[in-house]
Amino acid sequence: MSNLLELQQVEAYIQQYHILHDISFEVPKGEVTVLLGRNGAGKTTTLRTIMGLNQASGGSIIYNDKEIGQLKTHSIAQNGIGYVPEDQGIFDNLTVGENLKVAMKKEDEETTTRMEWVLGLFPDLQKFWKKPGGQLSGGQKQMLAIARAYVNENELLLIDEPSKGLAPIIVEKVMESIQQMKEQTTILLVEQNFLMASKIGDRFYIIDDGQTIHNGQMDELKNDKALMKKYLGIA
Amino acid sequence: MNLRHIERSTWIYIAFALLLFIVPFLFTGRSMLFMIMQVFIFGIFAMSYDLLLGYTGIISFGHAMFFGIGAYSAAIVMDLNDSTLLSLAAGVLVAVIIAAIVSFIAGILTLRLKSHFYAMLTLALAGLFLVAAEKWTSLTGGGEGFTFRLPEFLRDSGTMYMICLISLVVFFFGLRRFTKSPLGKVLVAIRENENRTESLGFQVLHYKVIVSVIAGVIASFAGVLYVLSLRFIDTSVFAVDVTLDALLMTIIGGVGTLIGPLIGAGLVEFAHHWLSDLADVHWIFERWIILYGIVYILAVIFFPLGIAGTIQSKFSNRVTKGLSKK
Amino acid sequence: MTAILETKDLAIAFGGHTAVDHISVQITEKKFTSIIGPNGAGKTTLFNLLSGQLSPTNGQILYKDQDITKLSTTKRTRLGIGRSFQITNVFPNLTVLENVRLAVQSQAKVRYQMLAHFKYYKQFEVRAMELLERVFLDTKADLRAVNLAHGEKRKLEMAMLLALDTEVLLLDEPTAGMSLEEVPAIIEVIKKIKEEEDRTIVLIEHKIDMIMDLSDEVLVLFHGELLAKGTPEEIIENETVQSAYLGGMYDEQLA
Amino acid sequence: MDLIVSLAINGLATGMLIFLLAAGLTLIFGLMDVLNFAHGGLFVWGAFSGVWVYNLTGNFMLGIAAAIVTGLILGAITEFLIIRPVYGNHIQQILITLGLMLVLGELIKVVFGPEQKSAVPPAFLDGSFMLGDIILIKYRLFIIAVGIFIFALTTFILKRTRIGLIVRAGVMNKEMVQSLGINIQFVFMAVFMVGAAMAALSGMLMAPYSGVIYAEMGLEFAILAFIVVVIGGMGSFKGSLFAAILVGLTQAFMAYYVPALSLAVNMLLMTAVLIFRPEGLFKVKG
Amino acid sequence: DEDASGESEDSSNGSDTEGEETTETVKIGVLASLTGALEAYGKQTRKGFELGLDYATDGTMEVAGKKIEVVFEDTETDPKVARQKAIGLLEDENVDFLVGSSSSGDTLAVTPLAEEYETIMVVEPAVADSITGSEYNDYIFRTARNSSQDAVAAAASIADEGVKIATLAPDSAFGQDGVAAFKKAATDLGADITHEEYADPAATDFTANIQKIIEADPDYLFVVWAGANTPWNQIADMKLQDQGIDITTGAPDIAALSTMSPLVGMKGFTVYYHTLPDNEVNDWLVKEHKERFDGEVPDLFTPGGMSAAISIVEALKKAEGDASADKLIDTMEGMSFETPKGTMTFRPEDHQALQSLYAITLEEKEGFDYPVPVLERVLSPEETAPPIKN
């Protein structure tokens, strides 16, 4: 069983603040790995550190058996890692179409098919094709952000809280899409919606105060009420 | 009103002000006095600029306009009348009123828009004033300017120095209080997030207009002091350079600090003086503007908070670190 | 059962797209009303109209029977309509405490006071701290707001809204992005306000369990129109709502 | 009639020159959202280096090439050292580029000496010819042509290629563009270099037009360029073209019919626009 | 009533002396634009002034038994700096004379100080009429020609009975005063001013202005221009000369002359060009200047600087070393002295030096990359005398 991504004792600072102390986890190929944890635990920071948007100050980040900790963000992305940020990162003044076009690395047939699939998934995007991204509703922005990560063929997708602000029916769609994607793309997911996380996740890590404190198979967690109470504060 | 409630920094500033009242007379000649006077005048001017830029986040490219309005008002009134205290007072009054009206109109017109519109409108208005000063030769003497007489008691440079210093002290402590008032806090909020301020129930435009009028009036007063110290006026008071100087002083000293612009004014005036004096040593100092520009660029990159701002943030970091430890 | 807020034939179009489509609805005083609907249904836009961020292309808004359609955001806030934002919107470089203090100040009568020192208004600070405790942020009072994690910013938003001390609270997804552990806490806060302070609360949320738990009345928006209105129980049974909005997941969510 | 045509043509030429001047500014502001007050500095450097090579070799085209190269090099250095730390912060941009403006303007005097320099149009563009009773100055026709060419070229690049999109996206959210695998720093530098080259080119073209160049002209013309950019709508290429021509024509006709106001024409135009159409004549979408 | 501090006595020595001697010294403070927009002019003044002292003292830097010290200060063409430097010179350096400066604004900011400190100020090369006119005080002497002299010279070089003249000038006090003075002088000589055209001082396009001048159809177009944005190209492009309109203007310094190649053949006047005057002082100046400065010839304001220096040395000689202002004013009023531009005389009424100016034609010459002013005739000091205190 090969790991596509592996973090070993990663540490990171934001300005002078020590945010990540010891993050270690593995993301096996073809699975959905979920990061859980309280607000402010460091989940987003972890994803940003993988993307190179935040410099790791210690430990190593290994992707496809290569250390990528020192690479620039754009090279990391070129290596096949896609990212859906927590704040969606919509280009406010670009239209929906332009937002998607910026993301497209190639203009071949395959990309076109993918695009069609994505638009089928989120018909709203098709409808508002010419609307500036900044004027979309909160949920529409979230769809656009996800769609933008889908149009390219990525080996690994980092998705930060995709269900945030989405109507239940759309959350379902996103879940479906992730399940479909799974065949070719490995996914690292940060998700607060436990219902969703537990449904599509294969394995989980719990982060607290910048440290990975627990991990296991999702099924175990789902059935272990004590564990859930302990780490996630839910009954 | 207990003395113990006065902040420590206030004592420091008061001590420093007292020093300024005495020391120059012990150690310096009149040309140095003149220079320190210029520091005070431009310090006041830069503080008024900081009110806009540092506290409220408004950039103006035409702040010189108010400086010039003050300068010309005073000079013209005194030129047309006898050189008495009364005509000086009239001059100040005219300066303040015109500046208030102009800043009010400019503010009402553009402050509802994004910041650079105010910048460009003030630039345009300042340009129009410059043209007016050029063309209305009967009143302004055109580009060559004119000299005028001062009331007797002001010809003494010691008196003039005192007037400048007292003005500075009054404005400094006045503005300091102003920025720490509830209204001052709203200005900072506007700088940080205008929309949010609006939806908290503050009428942002009112605040911006208030601050632009205050800044305009103070700048105008600085202009009055400037012509009094120079006893000569020409159109250069309306030049873009004057605005740029205020900008540089504010930045180098530290935006949003009040003491910063004063430090900046001192630094710029003195550096200017010393560096250009070094021209005899090496020709490069004749091009002191290059050094000045480079220092300035470095300041923006490495000390975006300016001198005062950097010191202040060092200090407050220590405080918060201390807090978070416990 | 008087209506505190009322819209009459309220509509707004962006370009050709009608985001709020001639909605006439009454919000009952001191009741808890929730608004649900798919993404892009016009919920936030409706809030924007109520709070004055947008002005309608058609229709009227009445607050306590007074026509406020033409009033500015500021005026409405002072009349008593406060709101929180879907996307966090705080003063990034001010401390958490300062953020809230500003909100407290805006309700006091010293808005244009420029001569007195801020310290004379100790009561603002006390009140602000109180509110921070209410939302469990008191330990972070001295941090700059940028440095808060997302969920913490949402709490700050809540505190600022409470500080405005308005009769009507419009809450736009106050728990979006909050961790499971903390959602109940915020719900507690909201409940407490509802019970103790006698306010009118309007909530936009996608969390169905929360809606069920809190609401007295639910409005469903769909494509800018008012699709349904009723008690939570009525709404959840409504088949159109089920197919247009809830999908299959809500059963499990409720379970 | 002849008079009107003649005034119009000359106004158009002035307008085109102003457009060339403003084009680099608009490009950099419109695409990268950078307020570059050092534009005037790049402009003077283009003028001096171009004229220097032109006077040395006698070849006008070489002079133009030299100006462009100077612009590219200065653009690269400026972007790397000065602009990079301040992306996204207008106030800092204004400040730092003003500092650079001081340095560039003064450095001219060190490198080329403090005196003004003169430049004449090359033989093939020198003089004028009569068309009926209308005097057509060749060099002005040349400027009009260059202006149209630059406008067409830039419009094409922005509209038809992905570059424009990437740069605009990069300004709004740099991290996100990088996360999409684009080396945005490289793209930014390239755009800035092109903008700087435009400034330098317009400096060089200005030299034979006015006959003299001097170190202080940078700030003067930069302000003019800014006025035009504001009138046209910040960041709108079309707007800048339109506003520049408007300014050129207004100047020409006002100078003839209402000479008393000609000094204040630009400022009045801008004031009027800011009051009645604050977003500029051509509002940028979004 | 002055509160001059006791400090100023121990001031440092000027740059031009060995210093240690105990002989009495006379100190001169020169204010000039050594940087900034008028830098080129300021530097000419400085060179001229240094050469002038050398010439007048035969290289001894002594006059009437007193050592001469000079301090140069840069006004940066900024009235504030000018005033500050002037105060420095008067207070800290205790100078006996002020000289300067390159811009009229700088000069006007300083002249009241001359009166206040009762110190003679020799104005060079600022031209504004008001310096020796409305703003005159007894301590001001001017070796530079003033605007009116320029205008009178310009008129003298072309005006005649029945000649029709149009004018073009920047729309500023400088341009308007220049034209007004010219108009008076020209009409006195019988000419008609048929059209006055004013252009934006910062204009780049003069088409409209030139168009109007063509319509007025004068014999001559008199241009007063000072900025760097010259109208010459466009005047040539619009073929004024082909349409029978001759151009006339004051020839500027050499750098600016090179922008005037379109105007070859033009008749005008100038303050100075090194080949124009025919006297020993000028011969010495040209020779020395070339020797010291790499073969360069003196330019427009070099002889002015020299004249200012000579006037001071002459005055001290006549006053036998007495540097008190009262004595000097007496001495200098009506004093004549030899300069590179021939004999100058300080007119007693307004202390303006009457001096020669030169009517010239611009000609193309082998080996010069600018049109060279060739002498038509010398306009005598009497001929160019301006109205008193206008």
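Just a few scattered comments:
A, B, C, D and E are the chain letters, set down in written order, and residue numbers restart from 1 in every chain.
Operating definition for what follows: contacts are C-beta pairs under 8 Å (C-beta built on N, C-alpha and C of every residue); 3 or more make two chains touch, one makes a residue touch a chain.
Because the structure is predicted, anything quoted here is derived from the model rather than measured.
Annotation of subunit A and subunit E: jointly contacted by D, touch as defined at the top. Contact tally for A-D versus A-C: the pair with more C-beta pairs in contact is A-C.
Seen from the Cα centre of subunit C, the chain whose own Cα centre is farthest off is E.
Computed centre separation for the pair subunit C/subunit D is 49 angstrom, with centres defined by C-alpha atoms.
One simple way to say how far apart two chains are is to compare their mean CA positions; for subunit C and subunit E this gives 75 Å.
In terms of their C-alpha centroids, the spacing between subunit B and subunit D amounts to 32 Å.
Chain centres here are Cα means. That of subunit D falls 37 Å from that of subunit E.
Shared contact sites, meaning residues of subunit E that touch two or more other chains, fall at 35, 171, 201. Shared interface positions of subunit D, i.e. residues touching 2 or more other chains, are given as 109, 263.
Of all possible chain pairs, the ones that touch are A-C, A-D, B-C, B-D, B-E, D-E. Here subunit B touches subunit E in the complex through residues 25, 28-31, 34-35, 38, 134-135, 137, 141-147, 155-158, 226, 230-232, 234, 236, 273, 276, 279-280, 286-287, 289, going by the rule given at the top. In the complex of the two chains, the subunit E residues touching subunit D come out as 35, 37, 39-40, 43, 171, 197-205, 207-209, 211-212, 228-230, 232-234, 237-239, 255-256, 258-259, 261-262. Interface residues of subunit D facing subunit E in the complex, by the touch rule stated above, are 3, 6-7, 10-11, 13-14, 17, 109, 114-118, 120-121, 127-128, 135, 137, 139, 206, 208-214, 216-217, 220, 248, 251-256, 259, 262-263.
Listed in rising order, the residues of subunit D touching subunit B in the complex are 35, 82, 85-86, 90-92, 94-96, 98-103, 105-107, 109-110, 219, 223, 226-227, 230, 234, 263-264, 266-268, 270-271, 274-275, 278. For subunit D in complex with subunit A, the touching residues are 162, 165-166, 168-169, 172-173, 175-184, 285-286.
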